[in-house]
Amino acid sequence: MKIRMGMIGGGQGAFIGAVHRMAAALDGQIELVAGAFSSDAARSKATGRELFLAEDRCYGSYEEMFEAEAQLPADHRIEFAAIVTPNFLHFPVAKSALEHGFHVLSDKPATLDLAEAKELAKIVARTGLLYGLTHNYTGYPLVKEARDIVRSGRLGAIRKVIVEYPQGWLAQRLEDSGQKQADWRTDPKRAGITCCFGDIGTHAENLAEYVTGLKIEALCADLTTFVPGRVLDDDANVLLRFHGGAKGILHASQISIGEENGLNLRVHGEKGSLAWRQEEPNTLVLRWPDRPREVVRAGNASLGAAAKANTRLPMGHPEGFLEAFANLYRHFAAAVRARKEGKPLPAASLDLPGIDDAVRGMAFIEAVVASSRSGEKWYPFSY
Amino acid sequence: MKIRMGMIGGGQGAFIGAVHRMAAALDGQIELVAGAFSSDAARSKATGRELFLAEDRCYGSYEEMFEAEAQLPADHRIEFAAIVTPNFLHFPVAKSALEHGFHVLSDKPATLDLAEAKELAKIVARTGLLYGLTHNYTGYPLVKEARDIVRSGRLGAIRKVIVEYPQGWLAQRLEDSGQKQADWRTDPKRAGITCCFGDIGTHAENLAEYVTGLKIEALCADLTTFVPGRVLDDDANVLLRFHGGAKGILHASQISIGEENGLNLRVHGEKGSLAWRQEEPNTLVLRWPDRPREVVRAGNASLGAAAKANTRLPMGHPEGFLEAFANLYRHFAAAVRARKEGKPLPAASLDLPGIDDAVRGMAFIEAVVASSRSGEKWYPFSY
Amino acid sequence: MKIRMGMIGGGQGAFIGAVHRMAAALDGQIELVAGAFSSDAARSKATGRELFLAEDRCYGSYEEMFEAEAQLPADHRIEFAAIVTPNFLHFPVAKSALEHGFHVLSDKPATLDLAEAKELAKIVARTGLLYGLTHNYTGYPLVKEARDIVRSGRLGAIRKVIVEYPQGWLAQRLEDSGQKQADWRTDPKRAGITCCFGDIGTHAENLAEYVTGLKIEALCADLTTFVPGRVLDDDANVLLRFHGGAKGILHASQISIGEENGLNLRVHGEKGSLAWRQEEPNTLVLRWPDRPREVVRAGNASLGAAAKANTRLPMGHPEGFLEAFANLYRHFAAAVRARKEGKPLPAASLDLPGIDDAVRGMAFIEAVVASSRSGEKWYPFSY
Amino acid sequence: MKIRMGMIGGGQGAFIGAVHRMAAALDGQIELVAGAFSSDAARSKATGRELFLAEDRCYGSYEEMFEAEAQLPADHRIEFAAIVTPNFLHFPVAKSALEHGFHVLSDKPATLDLAEAKELAKIVARTGLLYGLTHNYTGYPLVKEARDIVRSGRLGAIRKVIVEYPQGWLAQRLEDSGQKQADWRTDPKRAGITCCFGDIGTHAENLAEYVTGLKIEALCADLTTFVPGRVLDDDANVLLRFHGGAKGILHASQISIGEENGLNLRVHGEKGSLAWRQEEPNTLVLRWPDRPREVVRAGNASLGAAAKANTRLPMGHPEGFLEAFANLYRHFAAAVRARKEGKPLPAASLDLPGIDDAVRGMAFIEAVVASSRSGEKWYPFSY
């Protein structure tokens, strides 16, 4: 049987909910069977109907859903909760899911602040349930390959890391138009202490550390709110220092007009360099001091095991954002199945961003905001 | 309820069957409920088990499947058959499906030869059922946009069309290794009178005519078998003449080492030009005599209705091969639903390649082979 | 002392004359000391004045120039003639230069027709003087590298060659505006029997043969005049067959709007492939069946001797059209110097396109035009 | 007559001297007539001989050269001095040249430190002679176009500026091999207080301010020496704040393996964005919130006057590093000629980087080094 999923959030007009549903559906391992898609019960049911769900499993609140599902027979009830709400609900929903016995796969950032994240870590530990965080960009096969190349030592010790995440969609006051995505992300009550950095800067930080295996130990941040009337940051420039001596630059932006979803990473080591861009995710460029640049392509026979395990199609058949996202769902479902069957987690599932990334990510967000407000040059980050 | 699909072909080791299943699953509109995945009943059942199908709906042959499914209650039996077998089975399976009352969505080329295609057209007409052909590259949003731009007259009358489909995977005798894809494609009994041209040249022809709206009226072909010991062509160079005076070049290849899946199209009109490449499908380049080149990107606010209706994600979140393929499944499912509900077909479904493309495609394949064997320069193509 | 050059053609408003002058000046090996820049003596002198030439060495005709220069002391008179006139003058000017004892470096195509080219070859042979033809695209370092890679056998036997030369500047009747370049190129009296093919198709043919070392043995051409009122072709599509079994496609165009100067070459062998584009001339892409694509860059330490000998700057300092053109001038000047000093020609000078390319190029132009008019599929080319 | 140039530095084995000579020669406006190419008189003469100079104008020192040339007749002596020595000689040579009455065109950075630069400014003012600084990247036509687009207001007020200058050639201790370029650049006595930043960071700063017209008012720098045993920096990361509120990032590196000469600039305004890369200098990308990206190409009919005045060839005929460098020489020569003829400087010459850029550049270099040593976050830059 497929793994049974319940979704919280993702009602009509939402963006990320639909993404999660497609990602969950793609590989035929997961079935969406229940949902609390909206805090308005009628809208939740309307969404459920469009998704061909049974009427009685479309709930008006997450509390109601977890309560009701927990009463269903074990082979019928949801097995995990997919959380796709605005940030401020991530923690209470995850807490409730876990306490009702459901595994959790949550959108990022994990919580509204670090305190919540630490609390969540305790609950995860206590319940022993699975917790996954959709740092979806780590799901790309060539990101896996990049990580494996660094790990293998082929680049030598890493010296410099440049990670960028420019977007342009908030260059104007889109939130005034009622656009749902812009509305909650720019609202401190629902988004937390940062807009740009919490939304995308955190992906950049996660990607840089995931690929290089290095830990940031100090940072110097300059957050800006460019659009008049906005409260939270819409741009971030950060200098980085990594444990062991590597230096770095991280910048993220929502006001860089014409930039779409430009996450990209360059890693320079003593022996070689790599570069990867999310918008052309099937290409990884390797550069060496003394021979031609190499262009690694998804599907290449020469790729490592992790990249291959996250690829579905032959070379030249481009996989994209949804496929990378689906890799997280697939591996999470495999973990749920393994747990159910009392087996050890499969290798590919060990790789999933989890509760440690959740806490570290929130700590980093708070450090960036604190650094930006500080006159001290280097803000220590020791979490 | 989701639309119910039965699949023929696509057992373990197959490539295109998995593609069709992912494409069908992505948008949550279709449920795979039955299959004859292999002519070996045990293997068919094994595949079905991996796909979480009910054991009794995994059949050992398509005849058995259509027979049995036709006996099931109307709201339970399959509604359409997805055909993903090697070429030589396309016709008999489609015929049987239609005659048992099931709509058909078939991989290309539609049949083994033109005679079968004409026969199939009669059956489609007689049964009045839906027939779709997965010329999946027409499912890309920017291919729709390209077509709409040509149609709008913005490029002026078209003068020159260059369509290429280079691949390199058959540069060696891969068929000797037992690789399944290579094995049947190079075998005249299962593939028909052509390997390279029937497999990919036909996509190129379809794409060029789809985007430009022009009809080829004469051609001059040079097919080659480069790999020793191979019977069918593995390379094709063709000059084209279109009705109305446009000229063109079509070349396809399976021996162009390093080429992955390089389908691409350039269209030059009296007022402007466009270019699109499958390997970077989210970019469409427009060029004008007197102002900067324009780079249209999937998700751009300025896109036309058809492109938008075939896009799921915002700019910079790359969609790829599976999403384009899924567009065909989504629109086909919508057509099946409309038919069931007695409604007119939705606009997006009218666009699907169907039985006319099937017949024209087979006629073109035969014309190319005939031209290649002929000493006459221009071979008329008047179908 | 620098080598002394006289120029014929290249008066005000000309394009290619200025190119030749910059190419000649770049490396400091050549001095322009005389010119017959225009058939109008006053205009010729005006041009000469702008170029800081002595008034008495600006001539009103090439006959006058060669006559007068031949009277000057040996260490003062011009040593070679650079011919940059419209096509119809190439032959008479070259003939006169050679017969007055001057080496010749001529723009292409070498003559107005094949008969003239054959006659020219006899004069070159008789006089024993140097004759160079500015197939300037062979001057790029990565074109040399491409040739050396093919020669080395790294790609294996060549199977398929695709050479394209699209431009868009003649998509409208530019010749009606009095634009000088368009005016003579579209005029059979001054350009010969072809416009597009003679102007740029001939570069494409030369490049393909230069890099692959293969000889075309048959062709099938389709020339078109798209712009109403024009007499000569403005577009050319050609299928090629090479001696030894390789196949090819050559297409050139002056009506492909938005194309700038898009000469490019793809060569596919049994073991690997290469691709080069004139508009990004410092990049050469190599592709292999089983490992990542390699991107060779001008200035790479791994380049061969010929590429290095034609590069002036380190990696990342782009050299372009003029530098490639200047390579021809530099090597021609070195040849003139060697001849003067009674030394053997330097290796780099042996590589220059010369009288054999001149004759073969004219023969090919005539074969293409004949093929286009013929109903026979394959036109033999045996020159 | 051509403008007469004397060169200081640029003997055998030097890189930048040859660049300056080619740049000076390209447009036929300047003649190299004298040189002190080396402090070793014999080597200086040997270099001069290769350049076809008169033996008696190849000097063993700059003092000797200026002394001797000043004695020559006015229409024979050099008119300007091109300084291409290592940094530590820039000031004394420029001072001497000016005091002997010669205009100066100097490589950058202008001097060894700010104090010298201020002193130089006084000498320039006192002598009233021309002083140019070869910030050669401003010579690219599309850099001019970028500046004009910003100036025109099409991008709106500028918010964010990202300028990068990565190289990889010093990733190892190349200076140990005796490589001349590496040797002096890593030596504080000859290079000054910085290696990477003074060599290339200063180009990045100059480019950003040139294009945007904005002035940096504070900065936060992190310089690093990655290669063991090296004294000066080989990497620099800098946060920028511009007068008026724009933010920025500047990073430069000589240890980023595989990077060639990767100077590039992104400018984001309230209404649009632009991006330019030195390695593909003939392309300028403009991006807008609501319509397709525009790709401006050198030679486009739609370019502004400044871009056109700095372009020699039609679209698609790539110009590169030398042509951009030559633009500075051409405009400097025009300025020398205008001065000689008592005419106002031509418009294109007003644009040349001069003594103000020289002083500002040195002040910026010192501020970056000071900031890097400071624990204060923001280092004011008010020059």
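Per-chain residue numbering starts at 1, and chain names A, B, C and D are given in the order in which the chains are listed.
Heads up, the rule we're going with is that a residue touches a chain if its C-beta (ideal position, glycine included) is under 8 Å from a C-beta of that chain, and two chains touch if they have at least 3 such contacts.
Computed from a predicted structure; not experimentally measured.
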Those chains which touch chain D and also touch chain B: A, C
A-C or C-D, whichever has more C-beta pairs in contact: C-D
Chain located farthest away, centre of chain D as origin (C-alpha): B
Chain C and chain D: spacing of chain centres that average the CA atoms, whole Å: 34
Computed distance of Cα centres, chain D from chain A, in Å: 44
Distance from chain C to chain A - Cα centre to Cα centre, in angstrom: 55
Touching two or more other chains - residue numbers and ranges from chain A: 259, 286, 293, 297
Complex interface listing, chain A residues touching chain D: 159-160, 162, 168, 171-172, 220, 222, 224, 226, 235, 237, 239, 241, 247-249, 251, 253, 255-259, 266, 268-273, 286-289, 293, 374-378
Chain C-facing residues of chain A, complex: 286, 290-297, 300-302
Of chain B, residues touching chain A in the complex: 1-2, 15, 18-19, 21-22, 25-28, 32, 51-52, 167, 169, 259-262, 278-281, 297, 299, 312-323
